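Before I ask anything, here is the structure I am working with.
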Amino acid sequence: MRWPLLLVLLFLLAFPPIASAMGLEFYQGLLTKIMILALAASSLNLILGYGGMVSFGHAAYFGLGAYTAAILMREGVSSGWVIWAVAVGLSALLALLIGAICLRTRGVYFIMITLAFAQMIYYLVVSFKQYGGEDGLRARRPEFGLFELTDTALYYLSLAVLAGALYLLHRLINARFGRVLQAIRENESRALALGYPVYRFQLLAFVLAGALAGLAGVLMAHYTQYASPNLLAWQQSGHLMMMVILGGVGQFWGGVLGAAALSIVEEVLQDLTIHWQLGVGLILLAVVLFAPRGLAGLWRREP
Amino acid sequence: MTLLETHQLSKRFGGLLAVNGCNLAVKTGEIHALIGPNGAGKTTLLNLITGVLAPNKGQVRFEGQDITHLPAHARVHRGLARTFQITNLFRNYTVRVNLELAVQARRGSSFRFWQPVFKEKALTEEAFRVAERVGLGGRFEVVAGQLSHGEQRALEVALALASRPKLLLLDEPMAGMGPEESARMVELIESLRQEFTILLVEHDMDAVFRLAQRISVLVYGQVIATGTPEEIRANPEVHKAYLGDEGGVA
Amino acid sequence: MRKAVWLLVLLALGFSFALAQPRTVKIGFVSTLSGGGAALGIDVRDGFNLAIRLLGNQLGGLPVEVLAADDQQNPDVARQAVDRMLKRDRVDFMTGIIFSNILLAVGEAIFEEKVFYISPNAGPSEYAGEQCSPYFVNVAWQNDNLHEAMGQYVQTRRFENVFLIAPNYPAGRDALTGFKRFFKGRVVAEVYHRLNQLDFSAEIAQIRAVRPKAVYAFEPGAMGVNFIKQYAESGLLREVPLFLPGFSADSDVIRAVGRALVGIYNSSQWALELNNPVNQRFVEEFRKAYGRTPTLYASQGYDAALLLDTAIKAVGGDLSKKDELRKTMLAGFNSTRGPIKFSPNGYPIQNYYLRQVVQQPNGEIVNRLVGTIFTNHRDAYVDRCRLR
Amino acid sequence: MPPSLLLEQLLNGLQFGLMLFLLAAGLTLVFGIMDMINLAHGSLYMVGAYLTATFVGLLGNFWLAVPLAVLGTALIGMLLELTVLRQLYRRDHLSQVLATFALILIINEVVRIIWGSQPLLLSAPEELSGPVEILPGLNYSAYRLTIIGVGLLVAGLLFWLVNRTRVGMWLRAGASNREMAQAMGVPIRPLFTLLFGVGAGLCAIAGAFLGPILAVQIGMGESILILAFVVIVIGGIGSIKGALVGALLVGIVDTAGRAFLPLLLSQVAPPEVAANLGPALASILIYLLMAAVLFFKPQGLFPART
């Protein structure tokens, strides 16, 4: 696993100068977007894959991050660091509130109640006319002091954040906390009988995932320079879920692979035909029927 | 000295009173068996004691302290550990990981996010000791779901042991076992007598009368008698309510 | 040596080929081509394509390549399509967007690349006032205009009070603001509902309860068809007159709603029977090409292409002369509405007409021109724009 | 507040709720019995509406078109069950979500290929396009009244089917305990196929009758699907009675919220705030309702499984 990883990293590091030399800036933007989505999908994978919590409302934190960035910029806060801190903090807080209530339910009811809360957030946000309502809100790029946030800087920033977050998740999953989280997914009543405060573990994972999704949302706002209500919509939650399932639920690279695969497939098919969604649908269906463990499962043997 | 005590404990499921004013006392150091016909409320009582269910009425006291409203996980840390009637393991994990998880729950905080858990040799060592104790030392790296039924039951007990409880609650440990496996389980429980207080719920009367110092009989959610095996054998109430009038205990 | 000669020959060939090949003008056309707003985008597209075809697939003498994309009425999708066109395909002009919220999401990205955006429809107040851009020209209107005209007309009819309804999004609020700018009577209620709502039973019940003297509805796209149909079905149309902006009573809506529309007054900057050669050719050719009566949206798409043609011709095909391009565009062109000019913010200065839906003796239902409400009307925001 | 307004809004809520019920009934049975999350349920609603519009175009008669569309959609539903959905029963919920989401994309595009991107035109039958006077001075759309009638009729039929027939008994047995039902010899496989057909047919009825009120367009199934899920979660998964109560609750609460919340707000808050917040709160109301129900009754109002 080390070698391919290093190669991909090298490629990603070297891409922007190559792109600008060859006039491929568009693809640099595409990669930026994929990295941001990969971060969001990986955060969802933490709770969905490792925690077994099927949250159908992950867009709430993703969108909240983007909106926080846009609203703070509009209100005159121009420091990127402050914006990041506030956005991550707010997303975590929202996840704490929502998680605290939703984690009382299980199964399908959990899916639906997380969806319900995300929908409430959606409608609340679009009701604020001063923040753009259904139109969304423009979000200029903030200042980071050390560097100017050009497209290329954003690319490297996203890469750094994604790499950092993945490293953090890797440590987390293999540490005591991660092991217990997975044990709870495997058998909740057993974990409880062993003396683990299940609720607290789940809630903490939920909050962490919310915070990371919020960070991804901020980056998304920097990328599109715009906070769209669609980032909060249930379709966005579904889209993130698709990425995780496609990539591999509970597989470490599941979120990244899923985000990359889905984005690339969409991009390629969009160029080929206006009926590209048909292609996406057929591919997704084929994955479910023939590769039940997702893409990451394709080159990993049974444990 | 009384280790565990329930006082007028009641649990209602809709119209059904599963446990009805139940008074039970387990003394430190004994093996206390809880018997009763099917549907008498034994498992419900166990769930009330371990905190999986909340009672409608009554109290649970452990080491003299009221733990009625303590969450389930906190009771484990007080020293209450249980096994399940239906085998309840991390089936996709090896014996090693099952036991490490059990040990980890007791040793230090699990809210640690950075150090890889596989580097904690102490966990593995203790897990292995527990495995050897129940005779699973040679099956340490086998996935739990692939163990034989008897081995799974042993692992079930081992998981409870790993938390070094003061009171071990065994919910029908011999359920579904053949005579050979049962004998091995009896031996195992016998070997635990020195270290642990045990509350044993069991249908296998041979085993109960061999192991228990005292026996409580639960009928319709109430303890109708408590005493030594001899007293219970002789108790006409028990004969009437539980054994029918057809004869003595086998 | 031989090789070097060959190379030179090849190079020379290449050059001459490049010279012989005239520069093409690339146009990015992003519009709503699916979903509830699709009818609008398709009309604009058809009008735009028709004009290009009639101009011999050229604009101002340059061959045209149009790259089309569907924004699905979704700002994110639009954003991606625009990015692709600006950064990958490097288009020279952009056009096509129907909805203001979509335009606001992508506008600045376009202006930053110094690419002209010719709006065939969306005319948000933002780009008329403080945020106006030298790279923005709108051939249709400023969003408030039709509503201002209708406000003016309802005012002259001296209705005691009026009930206003619009979707809850900025263009909806702008529209009603525009109406109130000229209507001075009492507004009994101003109801905003969910965008893209299709069932208006709750709102109609409210109208019935309030009993206003008149209703003005801003309901673009599919919402308009549904609102009018349901308003008629509820029986209210016979009791409380309904006033509409022109696009809610155009031929596409008439096709969908039918006789219920007969008698309704509406405002427009364009009308089928406007008597000028450009319009007559447009209407005739459009009917021939697509087998249906053009809407004002189609006229706007057609005009967008005419404006580009005029401007590119004026700079002799040199698209790098951005300042000159802007100047010639603002100086105006010969549109389906006759010659029109633009304010410094890129919005048109034009007439607004009153139309009424009538049933002709042969049974055909048409939207007929009945009068002029404003002449050479400007938008209300131009003074806030710094551009001159 | 005039009583006629209340009555009218109540009728509106009833009409909307009954149509939601038609969607939710099939969904809740599939969910309850097969433990299967079928996101593509809304697509069948869309297919039903498109077929109705097509048959109306061909035959020129709404009342002939509806049964044909219902039959056609039911067949498509069964075909879907036989080819794809059947593979998914034994899979986890996540796989089902992904697969049926893929089906949404596929069906949307197939519909786009067949019928184009533009919404289709579907009008209420001419004889119902006007108002009727239901109370002196109170006009109400004849078409909406018809919908209420059809909704009640179908709901009644469904209750009869579930509570009074052998198939219904099987369904109820399956919803409360699948293994038991299978052990007792209920022919599960054909039953599932049939159930999908019935569910699809119900979708088509809703699609056919809502088509003229809403719009026959691609994606029409998705927004209403979310509402149908809200309904069955409120009602309790697997319960037809729950679906009916949930659907009426959602229909009435949603309509009442849209109609009265802005009015109420404008009396306590400044008009600017009220105008902003009113529609938002109205949209939130049903989700609030669902969250509240789940908070107090985590299994919904009428849990089918014990």
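Points to keep in mind about this one:
Chains here go by letter, A, B, C and D, matching the order in which they are written, and residues are numbered from 1 within each.
One rule holds in what follows: a contact is a pair of C-beta atoms (placed from the backbone, for glycine too) under 8 Å apart; a residue touches a chain by one contact, two chains touch by 3 or more.
The structure displayed is predicted, hence computed values, not measured ones.
Minimum number of contact steps separating chain B from chain D: 2. More inter-chain C-beta contacts link the pair A-D than the other of A-B and A-D. Computed from the mean C-alpha positions, the centre of chain A lies at a distance of 43 Å from the centre of chain B. For the pair chain A and chain D, the distance between mean C-alpha positions equals 32 Å. The mean-CA centres of chain C and chain D are about 36 angstrom from one another, to the nearest whole unit.
Counting only residues that touch two or more partner chains, chain D has 112, 279-280, 283.
Shown for chain B are the residues in touch with two or more other chains, of which there are none.
Shared interface positions of chain C, defined as residues touching 2 or more other chains, are 70, 168. Chain D contributes residues 1-2, 4-5, 8-9, 12, 15-16, 112, 117-119, 121, 123-124, 129-131, 139-144, 212-215, 217-219, 255, 258-259, 262-263, 275, 278-280, 282-283 to its touches with chain C in the complex. Within the complex formed with chain A, the chain B residues making contact are 50, 52, 71-77, 81-82, 84, 88-93, 97, 100-102, 104-106, 108-118, 120, 159-160, 163. Residues of chain A that touch chain D in their complex: 48, 54, 101, 104-109, 111-113, 115-117, 119-120, 123-124, 126-129, 234-235, 238, 241-242, 245-246, 249, 275, 277-278, 280-285, 287-289, 292. Those residues of chain A whose C-beta lies close enough to touch chain C in the complex are 25-26, 29, 127, 129, 132-136, 138, 224-226, 228, 230-231, 274. The touching residues of chain C, when paired with chain D in their complex, are 33-36, 38-39, 42, 70, 168, 190-194, 198-199, 201-203, 205-206, 208-209, 222, 225-226, 229-230, 232-236, 255-256, 258.
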